[in-house]
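Same chain, two partners: subunit A is paired with subunit B first, then with subunit C.
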Partner chain A sequence: MNLIGRDILLPLPAPLAFLKVLLVASFLIHIVFVNIMLGGVFFGVLYRIVGRYKRDIFYDRFAREIVMTTTVTKSMAVVLGVAPLLSISLAYTKFFYAANGITAPYWISVPLIVITAFLLLYLYKFGWDTLGKRFWVHLSIGIAACTILFFIPFIFLTNINLMLYPDTWEKVSGFWSAITLPNVLPRYFHFITATLAITGFFSFFLFKYRGRRSSLSGNLKVSVTPDVRFYLRASKLGILWALVATLAQAIFGLINFFTLPDVAYSWHVTLLVLIALVIAGLVSFFLFQEYHSENSRYGLPIFLLITVLILIMGTMRHVVRENALGLPKQVLAENTEYYKTQLARFKEELPVVEGRPVTGKDLFVTYCNTCHAFDKKAIGPPVSYMREKYGTDKNKMEEFIENPVKVNPEYPEMPKLELPEEDIRKIIEYIYNP
Partner chain B sequence: MDFPIFQLPFLGNRLLIAIVGIIHVLISHGCAIGGSLLVVWLEHRFIKTGDRRLNDLAYRILRVLIILTTTLGALTGVGIWFTTTIVSPYGIGSLLRIFFWAWAIEWVIFIIELILFLLYYFTWYRLEPHKHIKIGIAYIVFSYWTMIIIMGILGAMLTPGRWLISHRFWDGYLNATFLPQLASRTPMAVMLSCGFGLLISAFLRIDKDIRNYFHRLMGKWLIFSTIVFVISSLFYYRSLPAIPEVVKSIAFNTKSYEKYLAMSKLLIPAAGVFLCLAGFILFYFGSKIQRWTLLFPFLIMVVMVGQYERVREFVRKPYIIYNYMYSNGILVAEESFLSKKGILEVADWVKWHGSKEPSKEELGHRVFRVECSTCHTYQGVNGISRKTRGWSEETIFNFISSYKHTHPYMPPFVGTPEECKALALFLYNRGEGK
Partner chain C sequence: MKDFVKRYRLAVFAVFLFLWVGGMGIAVMAISLRKAEGKPPIQPINFSHRIHVNEQEIDCSTCHEFADKSPVAGAPPLETCMQCHEGVAIDRPQIVRLKKYWDEKKPIEWVRIYSLPDAIYFTHKRHVKAGIDCSVCHGDVANTERMGRVRKLKMGWCVGCHRKKGAPADCVTCHK
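Our next item is the complex of A and B:
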């Protein structure tokens, strides 16, 4: 752990515990929006294709309605990401910044990549009717946006994983080698299944809500309007995704768990994994029931259970982070303390602050030697040249030093010295009688 | 210095931050703050006159603004965190510790702003206009509020004042440039909204008499806001830190600093005159103006804002946080300590993947990467190979050892004489036509 070094010397602006709670809580809200946004784009592209091949208007409408929600979700995802970004920067400054530094070109490109993806996404959304006539053009814009958006989590996951293992920093050469560290890929797939599950839940709740609204506002004599039928089917499709992805997530969650490096492991993690599996089982059960029931009845328990599940996952990641960084944090604290004492001791032992130079020679060395040597060209002309130029006219030389102008094209312009006259005279004396 | 070092080839790190920052200023000032004012004003005129075409125009402008702010605007805002984390981890890490609470509050306000923005957009044509406009007014208030918050932080980087001694939040936040900067950025936002408004309208198909009205409106706004902006920015310039008296006695008020301010003081009023002229033309000729010429005010504004921000950055030299931290992340308080101990002793990351027994030149290169690469590239923007043209190794050595007295806008060289020699050798070998 040679590269840990020392921390920033200013104190934290808030209690560490507060920052950690803020980090975990704000991150979870952020990531839910990220999930819904990513999944929304994915469904928006997938069902556009499905709709075309199955020649079923349902899918195209499903794709369209879900992709339109990304106008809100993507903006919320970005804004809500600021709080976790700032709190992780404070609570784990050294580790987070170092990891970002190792993958710098990729980390720096994140905003640019996201801008590109978002602009493509706007084009996809707003071009649904106009560009839609050219199906493949429109679709490839969607696919491009989707592909870019699904690449971005790699950068975040790689860095967030890399920061936990400072002993690997020396070996890792950059982004692509950091991505191959254990646990990055399992985490990515775990994240993707979570995205599909959460978007499944989201579609379920969204279309259930829209269905209820349209059945309330619709014509009461006709009990089932086409709208209501669409929303019922759409919410069922959401449940199906949620169910399948929750089961897949349990599998990837386990792979994720087993590939966890030893330093990150403690019995708390096992316990949390077990609880999470039980809850995932319960969620799946309710989803299954909901899928087969005529009237929707399980919305509330499903909502509460996934909220708990998300909280458990966030807590688990935090426990893993604290485990892995236990020793590195100690090293960091020791290094910082050592550096501070050294700095303080140096200040104590520092001799009385050197006064300003007094003699002509010292003044020359301080202010002139930067650019002028005695008998050869440096940045400016040599002193011998000045003596020749001004001869005995010391006043002329003084005037020039006070207000230098560009004379010789060979040399750069001399900076204006704001020295007291007395000092300038001393320097001139020294120039003539070194 | 104690983090992985990133060097953006050719453009350099400095320019990277500048590009991200200026795009963000243009969009956040022009589209969010000024833009909200413009759109709400158009809606207000619609309510007064009952002309639906004004309502449509406002909505169409808002739609472009929403695309710009949620992609370029939001992501460059976050992008500043991403880039500064890499380019200046000590700087941004320290600022975050000082101003965390300001950013935390800004974040909350920003979320409300975004929600109001989306609400304003999605309820257009759906709510009663006089109710709908209230959302717009709330949106103006919140977007301006975020600006008020961020101004304290920007100002503190220039004029930290009593914070340097007390390290207390409010001492830093309520600093000398806080109000002057806010007062000059407010009309700047209105001015930029004219730039964006005209630019957007150039791409829209609008009825002739509505276009006529819009051009005349923008003409009025442009004249008024430009005049206020130019005057208030001159006041703001007067509040900027002059080279403090203490430093003056040992340093020189370099010419380039003066030239810079003088040039900028000229450029902004000159651009202001042009914009006022454009305003008069818009006002008198209305819809008779060719659409493509509407691009020019915007282009002029980009130059103007670029220069405005450049001055702010330049005045701060050689610091990130005035009098506390140099732009390469070295603390003023560490300077003499590290010169004694050696900079390479505390910069572990430059050894990352480097040779175990580095040559003298390699050591010099490491010093360069730690101390100089924040601002200098090798051969690109502000490249060192041209700066030392024609200088001998000894000249370079003399220059580095004492430039802090003659070139105070550069952070002083920090390191042992051996490190200075190594750096001189490196610079000499990299120099053009040595």
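Our next item is the complex of A and C:
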């Protein structure tokens, strides 16, 4: 807790509660797109291989259609990631930046790694037909993109986990040692399983929708076209992934819950986990029925249930964060309060030194002396010349200083100084009586 | 058989799901109990063992003065705190709170972390005299900000250590 320090004494641009709601809500939307993108790339690579070895054109088309969506979902993920990133920086400034500092080289390299992965992803997507003949080249590009993309959440996750436990900051010596904190790896696998489940749901809805469109546009007399058959099978494959991953998620979720540090626990977490478990059970039930039914009927309940499930998981994340940061936030507040009282006392006790009044000489040196000397020509005419020119008419001189114009071809035009009248008078007094 | 499976497929899956969710639910409850026990309670004053033991290098027995003399180690009275905090760090928010207790002549009601059932006779004295380090039972106190229960104090754990150290392990040692 030594390293927490004090808070930054700056007002937040919005109420804290608003920032937290924004953080939870915007993060959920962001992470769903991250899931779909990651899972899409994974399916796109996996089924490219499966397609080749099973010699089944279905898998190749499945991989291709999924990969085509990934560049869109990746853009959504990136754009929608801005709001949660900014919200967390504002709502948990000290904790977030401290963690960023500890994992700095990896954290800073995120954009670079992301750009590399995205370029590879573009190459994989748009090279599908042109590079497709060189199967291994094309596949290696896909695998490289996929590997990098799966590594990136690891950096985010390590950071966000490290942020929650300030008493580990002294022991942790960088990114790789931050990974060894108890909750990091289980959380990562929990995330990966969620990615597979959500991409399963996404494939199901995507291919169901495309199947319906293709059956509407096609010849009604021929009700089962190859397209319709493909989309039916593809949506079933999506359901299967969603079902298996949802069931497996219970185990990974449990491991994650088990390794959660005790400080981050409260009974709210238990309640949310139990609700999530029941909803996951219901989702699995509907998925099972959908998988075996001839015509799709359970799309809406599945969609609604997973929406609720995602909201619960996001809320749980927030509860865990608030629990873990309970004491650290108190320490932060006290340090800040202490700093404020010390600062106030310092200001009170600081002996007040009255400033010397500004003289005409000070002003002359500051504003005039750069161009005007006393007896010799510089950029402007010397002071002796001014005295001669204006004689006793100090008002005329004042008028000139307030609104200078070009008079003498020898010298450049004097700039307007924007000085208050009082100061100009002081300067004139000094010019006449140095 | 195949027809049976096909016919009752949904029912079989529903039963599987029920067991699955139920089993996970039980596991969740079990983990929750463990975590609730291990979670450090919120104390009336945020006393930091880390600052006192690690940074200031104050010996445990300075405050827990009965550890080597009696069954209980004892929580220090306010006087002990004020011996130093009459003058040390008096402008810190937590010490301001401490001073308020002192001025109002009210004891601090610390939340007890370790306790044993009445049927158990346990004494700190014997264990301290035997040279068992405090951290064996109380964890890494020197690096802990807010104390929680790090040991469950189950019988098997006591007996295991007694056997290993050659201490008496018959029933009446602890059950008197």
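To be clear about the criterion, the second predicted complex is superposed on the first by the 351 of 434 C-alpha atoms of A that agree within 3 Å, B and C clash if a C-alpha of one lies under 4 Å from a C-alpha of the other, contacts with A are read in each partner's own complex, and residues count from 1 in each chain.
Following the convention adopted for this analysis, contacts are C-beta pairs under 8 Å (C-beta built on N, C-alpha and C of every residue); 3 or more make two chains touch, one makes a residue touch a chain.
Since we're looking at a predicted model, the values are computed, not measured.
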Identify the partner contact of A:327: answer first if only subunit B is touched, second if only subunit C is, both if each is, neither if none is. second
Contact-wise, after the overlay, does A:367 reach subunit B, subunit C, both or neither (first, second, both, neither)? first
Contacts of A:122 with subunit B and subunit C, given as first, second, both or neither: first
On subunit A, which partner touches more residues: subunit B or subunit C? B
Considering only touches as defined above, state whether A:6 meets subunit B (first), subunit C (second), both or neither. first
Applying the touch criterion given at the start, work out whether A:308 contacts subunit B, subunit C, both or neither, answering first, second, both or neither. neither
Thinking of the overlay built on chain A, is A:24 touched by subunit B (first), by subunit C (second), by both, or by neither? neither
Between subunit B (first) and subunit C (second), which, if any, makes contact with A:275: first, second, both or neither? neither
Examine A:285 and indicate which partner it touches, taking first as subunit B and second as subunit C; both and neither are also allowed. second
Residue overlap on subunit A between the subunit B contact set and the subunit C contact set? 342
In the complex, subunit C touches subunit A at residues 9-10, 13-14, 17-18, 20-21, 24-25, 27-29, 31-32, 35-36, 38-40, 42, 46, 48, 50, 91-94, 143-146, 148
Where on subunit A does subunit C make contact in their complex? 1, 167, 247, 250-251, 254, 257-258, 260, 262-263, 265-267, 269-270, 273-274, 277-278, 280-281, 284-285, 288-289, 292, 326-327, 330-331, 334, 337-338, 341-342
Spell out the residues on subunit A that touch subunit B in their complex, using ranges where they run on. 2-3, 5-6, 8-14, 71-72, 74-76, 78-83, 85-86, 89-90, 93, 97-98, 100-102, 104-105, 107-108, 110-112, 114-115, 118-119, 122, 169-170, 173, 339, 342-343, 346-347, 350, 356, 365-367, 369-371, 373, 378-379, 404, 413, 415-419
Per the touch rule, the subunit B residues reaching subunit A in their complex are 2-6, 16, 20, 66-67, 70-72, 74-76, 78-79, 81-83, 85-86, 89-90, 92-94, 96-101, 103-104, 107, 110-111, 114, 118, 167, 169, 248-256, 258, 331, 333-334, 336-337, 340-341, 346, 348-349, 352-353, 391-392, 394-395, 398-399, 401-403, 405-407
